[in-house]
Amino acid sequence: MRIQVILTGGTIDKLYNPFKGELGFAQTHIPAAFEQGRCGVSLEVQQLFLKDSLEMTEEDRAQILAACQHSPHSQIVITHGTDTMAETARYLIAASPNKTIILTGAMIPLSVNGSDGLFNLGAALMAAQCMPVGVYIAMNGRVFNGAQVTKNRALGVFEALH
Amino acid sequence: MRIQVILTGGTIDKLYNPFKGELGFAQTHIPAAFEQGRCGVSLEVQQLFLKDSLEMTEEDRAQILAACQHSPHSQIVITHGTDTMAETARYLIAASPNKTIILTGAMIPLSVNGSDGLFNLGAALMAAQCMPVGVYIAMNGRVFNGAQVTKNRALGVFEALH
Amino acid sequence: MRIQVILTGGTIDKLYNPFKGELGFAQTHIPAAFEQGRCGVSLEVQQLFLKDSLEMTEEDRAQILAACQHSPHSQIVITHGTDTMAETARYLIAASPNKTIILTGAMIPLSVNGSDGLFNLGAALMAAQCMPVGVYIAMNGRVFNGAQVTKNRALGVFEALH
Amino acid sequence: MRIQVILTGGTIDKLYNPFKGELGFAQTHIPAAFEQGRCGVSLEVQQLFLKDSLEMTEEDRAQILAACQHSPHSQIVITHGTDTMAETARYLIAASPNKTIILTGAMIPLSVNGSDGLFNLGAALMAAQCMPVGVYIAMNGRVFNGAQVTKNRALGVFEALH
């Protein structure tokens, strides 16, 4: 059994650029994070792009969907910005991929003290192995049905829609 | 839904004592780690003791079992040293508690750079919510049946027994 | 002997704001950093403001100068953004304060992995105790005469002017 | 100008060994720490050995002295365990080396959260550049005359002897 990990960027993967004085994208830190977690699951990591999810286009989402469909694996973790994570979840649901797909990310970059990223990656990887076919978001130690979840921006947490 | 978290110590919770020049136990860091993970699951944390799992006695294991049985919650995460984690899992299995119990810990303390602890806590919390009744070990990004797992000390990883 | 520490902000003191998704200022982390350094020197910490040094005005610099002049202490460390640190140094020199004044800061915030902030604070505090009267910049493990230093923005390092 | 850095081990350079479950020595982290500090001073790093200073012998101290004497540089930083740092300082003083020698170390390893190591390295490097010929200890943000300093083990701080 092997798990596909698809990287798309988001806060979780932002790095501080000391020349620009701001956070941005350079190389990904996700494989290093799984290594820190002493991950014993065989992962196939594919980086599509690294971008802020507010800048994600329909084309980007089509590319994510295609990567899910073309993967030889039926369990998939996608790292993604939190702002439009729920939107991407619904985009994937609409295509009914016959796989277990878990979107995750972080409120604080892995490169910043106090990041939730490593916790979320552990939770997402576990959800990918335990949950039935469907599209989910793993954040805040919970797994949400991708069709019924929203980010509460005022509180900075994901919540189930009823 | 609420999840019981039972603390027993182990490497994950060790702190450096600058006066003694060695790692030991003081106050627990597990609640702070769940907070760092921005955990949105309601947790009931109970600290039984903080000890190295090599020093754990049958009485200690009886105390862990009693805490599982007396908990009003049916989903339980136990933090535990890795060296005898499999032994405790089998002790709990023998008592057939009708709950989902996940043991976890870390190879590197939460207080040391490069710790796997936060990753494991995320994985364990997710496993507690997703797995059916039974006793499991969540380590290395995997969930193992507690009856068929061993720690490979030479490699520092958990492995399934066949 | 007591050392005055004047806080003005800069990269060294920036924190990640998970709601805004960017680095900004909240409460200062400088006293906590000195505590982490197990600092045994008696410090009198005064926070003037916390701002990006690119936004610093002549009024701000006048306020820094006044704080130096009014301090009962003759050894002063000022935390400051790196972009206009040399400008503030020359502003202070023009007023000929009869004290040892060390400006320092960081290229990476204390709150971000791999920060140079703690190293710089240690160097600045030592320079404040060892250097004769004058205005200096302590960065990159060196102490520069404030009248003859510039930040090489392309390289992200301070250099002596000849 | 170049500064000699002599590595001898001590708490500052200890790493957690997940197989043994304890702190010990592997490769040094001191050059990486100077790099994190974005050190612009040219350093010549020499590793004599990595050991706990309680296990340091007269032979070891003779080796440290010889390294100081044979160095082409007149400014020297020595990383050293704190427990016998003052003893080594006095050993070096007895040989009257005509150089500026700064001993430093840490109460918490660089590899452990909350380490004072980076702060001390910044302070020691600055002291090596600012202080006159002599043997000193740079700890707790202070520089102590090596002939008149002791470690207060109960408080975990260095203090001047009078």
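All chains are identified by letter, namely A, B, C and D, in their written order; residue positions are counted from 1 within each chain.
Keep this in mind: a residue touches a chain if its C-beta (ideal position, glycine included) is under 8 Å from a C-beta of that chain, and two chains touch if they have at least 3 such contacts.
Just so you know, these numbers come straight off a predicted model, no measurement behind them.
Chemist: Which neighbours does subunit A have in common with subunit B?
Modeler: none
Chemist: Give the label of the chain whose average Cα location is farthest from that of subunit B.
Modeler: C
Chemist: Cα centroid separation between subunit B and subunit D, in whole Å?
Modeler: Chain centroid spacing, subunit B to subunit D, equals 39 Å.
Chemist: What is the distance, in whole Å, between the centres of subunit B and subunit C, each centre taken as the mean of its C-alpha atoms?
Modeler: 44
Chemist: Just how far, in Å, is the C-alpha centre of subunit D from the one of subunit C?
Modeler: About 26 Å, centre to centre.
Chemist: Mind pulling the residue numbers of subunit A that touch at least two other chains?
Modeler: 107, 114, 156
Chemist: Looking at which chains touch which, would you call it a line, ring, star, complete or other?
Modeler: If you draw each chain as a dot and join those that touch, you get a single closed ring.
Chemist: Considering every pair of chains, which are in touch?
Modeler: Here the touching pairs of chains are A-B, A-C, B-D, C-D.
Chemist: Spell out the residues on subunit B that touch subunit D in their complex, using ranges where they run on.
Modeler: Interface residues on subunit B, with respect to subunit D: 11, 16, 18-19, 21-23, 83, 107-109, 111-114, 153-154, 156.
Chemist: Could you please specify the touching residues of subunit C with respect to subunit D in the complex?
Modeler: Subunit C residues touching subunit D: 33-34, 36-41, 107, 114-116, 118-127, 129-131, 138-143, 156-158.
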